[in-house]
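Two complexes, one shared chain (subunit A), two partners (subunit B, subunit C).
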Partner chain A sequence: MRLEVGNIFIKDVQFGKKTEVKSGVLYVNKDELCKVAGEDERVKSVEVFLARPGESVRIIPVKDVVEPRVKVEGPGGILPGFMTGVEQVGSGRTHVLKGAAVVTTGKIVGFQEGIIDMKGTGAEYTPFSRTNNVVVKVEPIDSLKQHEHEVVVRLAGFRAATYLGLAGKEATPDEVKTYETKPLFEQSMKYTHLPKVAYVYMLQTQGLLHNTYYYGVDVKEIVPTFMYPTEAFDGAIASGNCVSACDKNPTYVHQNSPVIEDLYAQHGKTINFLGCIITNENVTLMDKERSSNMTAKLVEFLGADAVIISEEGFGNPDADLVMNCNKIEKKGIRTVLITDEYAGQDGGSQSLADSTPLGDACVTAGNANQVVTLPKMDTVIGYPEVANVIAGGWNGSLQADGSIVTEIQVITGATNELGFHYLTAKTV
Partner chain B sequence: MGANFHILTNNPQVAEKYPTLSVSLSCGVEGIFLAARDEIHLGAVAINHPLSGSVKPNESPYKSLVLSLRRGPLDIDSLTVIESAIEVLRKMPVRNIDFHPRVLEDFQVIDLDLLNSAIVALPAQYHM
Partner chain C sequence: MSKKRIVHYINNFYGGIGGEEKADIPPQKHDGKVGPGMALEKELGDAATIVGTIICGDSYFNENLEKASAEVQAMIESFKPDLVVVGPGFNAGRYGMACGTVAKIVDENLGLPVVGGLYEENPGLEIFKRHAYFVPTGNSAPSMRTAIPAMAALAKKLLAGETVTEGYFEKGLRVNYFAEQRGSKRAVDMLLKKIGGQEFETEYPMPAFDRVAPMPAIKDIKKARIALVSSGGPVPKGNPDHIESSSASKYGKYSLVDIVDFDETNGETAHGGYDPVYANIDLDRVLPVDVLKEMVKAGEIGSLHDYWYSTVGNGTAVASSKKFAAAIAEDLLADKVDGVILTST
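Let's turn to the complex of A and B:
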């Protein structure tokens, strides 16, 4: 499967008469976008705002971030199962408005989280302070229950991103990247001198506000399965996961899945990247046993020498991570784990809820309990009053001057477990 | 024949939906964890993970745990997971937030939904 990704660099976003890309600027027809995003009888109103890097703007509470993409050649469309049919995606050509993002905000439940600050300390902790954000604020009709409300906000974001993505259909990309994975036997014969590496891609799948979808299917309903890596770039994996902000994977992160990107960068050089296994993180202990058994089997079936395993979330997914690690290692296949930590505000506590001596190669994305002060912003998009009850905050988090003292777990993407971030630590 | 599992819960929505399966306890999350640990020491098996969901245990005041009624030899896996959950809870700071009743209802809905995910995926040896 071969996919060309054409990146159209977006340096700025502005409202305009027509939705189009001109000289690196994404112009957005606000009325049209509101209309498209609001095409659902369960939506009462939609408002659209712009938030650019460096502006004194806070977006709260953030539900999802989606990248505008469009299919220009090949089968299927972006976000299959939601915005198009269920044809297999991941081949042909896809255009991306690189540097633009749709951010959805909506008060689905009374306890809230998900902050994007475009400036100041908070901006350093979220990768989405560097994107030109089109913020879609969705107000549902009265009396809509929580389950439907989540669906309504999620789909409004997908429609908005699809609409904006169309602006890239006729544009000439600034760069084109090509990714290719051959069918398994062919692929494994291709670089016989290199270690064969697969990617175990764990997805949060527990229930309301904790779900992830593959071609529109709720992933807690599947058993682990194979995926061509390029499918992710076309939105085959979509997020319905709203908590915790720091270590959930927004749809944007799946579309740019950084582990896949990095494995492709080494493909044919230092490794032979065979493909992905997607697996779930369900609530019952038996589901965890079943899925980790199947994951280990599929890794063996691929003939991998090593795997990268990424986690989504904290707490019970630590059990899935440890089971996956143990069972794959016991087959003689080496693992590298990516997780984050809840090590207490002083960083001195046990980081994970489970552990294993076989997990001897582990990458951390940071301590979600780390406390920061987010300065007051001039503009707040969304619902500023919810800062009083944000997850990761406590009684008194919101200061009289408008600043917020809180743990970084409230910040969207602060400890992203796919490593989608600008912060890093290096040994010098 | 009755069910061969029960639900330890402090969530009124769970007790309402599963009146014959629920054991309602007037306590916080730690109380539910400790009651579950007691049962596990007496030979019960944990069916759902006590840290279900990404809503942290010091954040939501509600918790519902599914345990077998079977009393067999000590299930060390169940004991390990409940002990580590207690450890996680105790290291998290007390938040002291007086939630509005509507917010409490939302926490109840989330806890119920996570519990429902466990009930629909009950291992075959358990029945209602």
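Let's turn to the complex of A and C:
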């Protein structure tokens, strides 16, 4: 499977009469975007705002971030199972408005939603302070339960990103990257001198607002399966969860799945990247045992010499991470794990809820309990008072002067366990 | 620039006030240096002066922990120091514990850096290492020769505002920083080293865990007193103690006397890790009070402890959970509880 990704660099975003890309500027027709995002009888109102890097703007509570992409050639469309049918994606050509992002906000759904600051301390901790954000504030009709509210906002964000992505359809990309993975036997024979590497891609599926979708299917319901790496770039995996903001994977991060990108960077040079195994993080022991057994089996089936295993979330999924690690290592296949830590605000507590001596190669995305002060922003899009209740904040986090004292747990993408950001931790 | 101010804490033996027979003396303060402070000040050179020395017997300190801590803290504060030095305590157990406790109160209450010296097996080290820069020493006083220069060197760096990264026992604290490469790239690099048989360094050494052996089964459940403890966040309606939705800093203790059944008016969950709708409609789903009250009535269990204890497990540090559990356990023991139902989510 071969995919060309054409990146159209977006340096700025502005409102305009027509939604289009001109000289690196994304112009957005506000009314049209509001209308598209609001095409759901369960939506009461939609407002659109812009938030650019360096501006004194805070977005709170952040639900999801989605990258505007559009399919230019080849089967299917972006976000299959939601925005298009379920044709196989991951081949042909996809255009990306690189540097732009849709950020959804609105009344709080659950507790585990995030903050994006475009300036100051908070901006350093979120990768989404560097994107030109089109913020879509969606309010649902009254009387929706939390899980229905989540669906409404998620779909509104997808519609908004799809609408903006269309602006890239006719544009000429500033760069084109090509990614290719052959069918297994062929791929396996291609670089026989290089170690064969696979990627075990764990997806958050604890349920009750903790869901991830693959072609529209709730991943909780699947057994682990193979995926061509390029499928992710077309939005085959979509976020539907309200896990703590720091280490949930927004849809944007799946679309730019960083382990896949960095394995491709070594593909044919130092490794032979065979493909991905997607697996879930369900809550019952039987599910955990079944999924980790199957994952280890599929890794073996691929004939991989080594894997990277990434986690999503913390606590309960630490058990899945450890099971996957143990079972794969015991087959003589080497592992590197990516996780984050909950070591307490002073950093003195143990960081994970489960552990294994076989997990001897571990990348950490940092301690989510670290406390920071986020300075006051001139503009707040959303509801600042939820800083007192979202996961990582406490009653009193929002200060009288508008600053927020909180754990970095509240910051979208701060300790992303796909390795999308730069934070890490060490012992002193 | 004026010299920085150091206060030195030592025990009665190093303070020249007798031996074991004087180990019960309460803390006393002296202006300037005493005992090992002589050599320490010499090593410090122009960087700092020892403005005061606190001397206390190890028995007194350890037997009057709270009182001694408060007294020593007040004495230290009176000198307005920039840094505190404790010991070195070598492998002396009670002296190590006293040095460690002083380090803890200075670190937590005064926010000042602390430098000390301990032998690797001193019990005070494991408990208090997070609160001070303890340089490794030999197990007895002859290693004073090497301990003092090492402690002085660390103190000088700290007083100069430098970041110190070596020359002491790791505090065991995880500290965040931004790496040059993103996490996924670091993972690929580590993988290449691991499969290439090269040396690699994990970013997080996985811990060895405590395992708690289960208690023997209750012999006669019909006579047993049962309590309810939960990390699922069940609280009275309104969350009166404001237990946090994640990374809880406390637990709550609430009376069960007037509750026979939870409904939307008397209970809810504070937990931020799951959809709260069904818990808020009927909190018995998280804390099965209705069933237990029926079982008491029917004589299926002996009795129910009058309170339930609740915190939020979501992202809460294990160290905090241990602290809550120790306090809750005291309460349960005092009420002669035989068995506890622990619910999570």
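In the analysis below, the second predicted complex is superposed on the first by the 416 of 428 C-alpha atoms of A that agree within 3 Å, B and C clash if a C-alpha of one lies under 4 Å from a C-alpha of the other, contacts with A are read in each partner's own complex, and residues count from 1 in each chain.
The rule is simple: contacts are C-beta pairs under 8 Å (C-beta built on N, C-alpha and C of every residue); 3 or more make two chains touch, one makes a residue touch a chain.
The shown structure was predicted, so the numbers you read here are calculated from the model rather than taken from an experiment.
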Ask   = Looking at the combined model built on subunit A, do subunit B and subunit C fit side by side or clash?
value = clash
Ask   = Can A:271 be said to touch subunit B (first), subunit C (second), both, or neither?
value = second
Ask   = Where does A:360 make contact in the superposed view: on subunit B (first), on subunit C (second), on both, or on neither?
value = second
Message = Applying the document's definition of touch, where does A:209 land relative to subunit B and subunit C: first, second, both, or neither?
response = both
Task = Report for A:176: first if it touches subunit B alone, second if subunit C alone, otherwise both or neither.
result = neither
Message = Just checking: does A:315 make contact with subunit B only, subunit C only, both, or neither of them? Give me first, second, both or neither.
response = both
Ask   = Should A:86 be classified as contacting the first partner (subunit B), the second (subunit C), both, or neither?
value = neither
Request  = For A:287, select first, second, both or neither according to whether it touches subunit B, subunit C, the two together, or no partner.
outcome  = first
Key: Touched partner set for A:189, first subunit B, second subunit C, both or neither   = neither
Task = Between subunit B and subunit C, pick out the one touching the greater number of residues of subunit A.
result = C
Request  = Would you sort A:111 into first (subunit B), second (subunit C), both or neither based on which partner it touches?
outcome  = both
Note = Only subunit C stretch among 25-33, 277-285 or 295-303 with CA clashes against subunit B is 277-285
Key: subunit B and subunit C footprints on subunit A, overlapping residues   = 110-111, 146-147, 206, 208-210, 244, 314-315, 342, 344-345, 349-350, 354, 389, 391, 393-395
Complex contact set, residues of subunit A against subunit C = 110-112, 124, 145-147, 195, 197, 206, 208-210, 244, 258-259, 261-263, 265-266, 270-271, 305-306, 308, 310, 314-315, 334, 336, 338-339, 341-352, 354-357, 359-370, 389-395, 407-409, 416-428
Ask   = What residues on subunit C touch subunit A, complex-wise?
value = 130, 165, 170-188, 190-192, 194-195, 200, 202-209, 242, 244-247, 249, 272-277, 313-320
Ask   = Which bits of subunit A are touching subunit B when the two form their complex?
value = 109-111, 146-147, 204, 206-210, 220, 241, 243-244, 247-248, 282-288, 313-316, 318-319, 342, 344-345, 349-350, 353-354, 388-389, 391, 393-395
Request  = Within their complex, state which residues of subunit B touch subunit A.
outcome  = 46-57, 59-60, 66, 77-78, 81, 84-85, 87-88, 91-100, 102-107, 109-110, 113-114, 116-118, 121-123
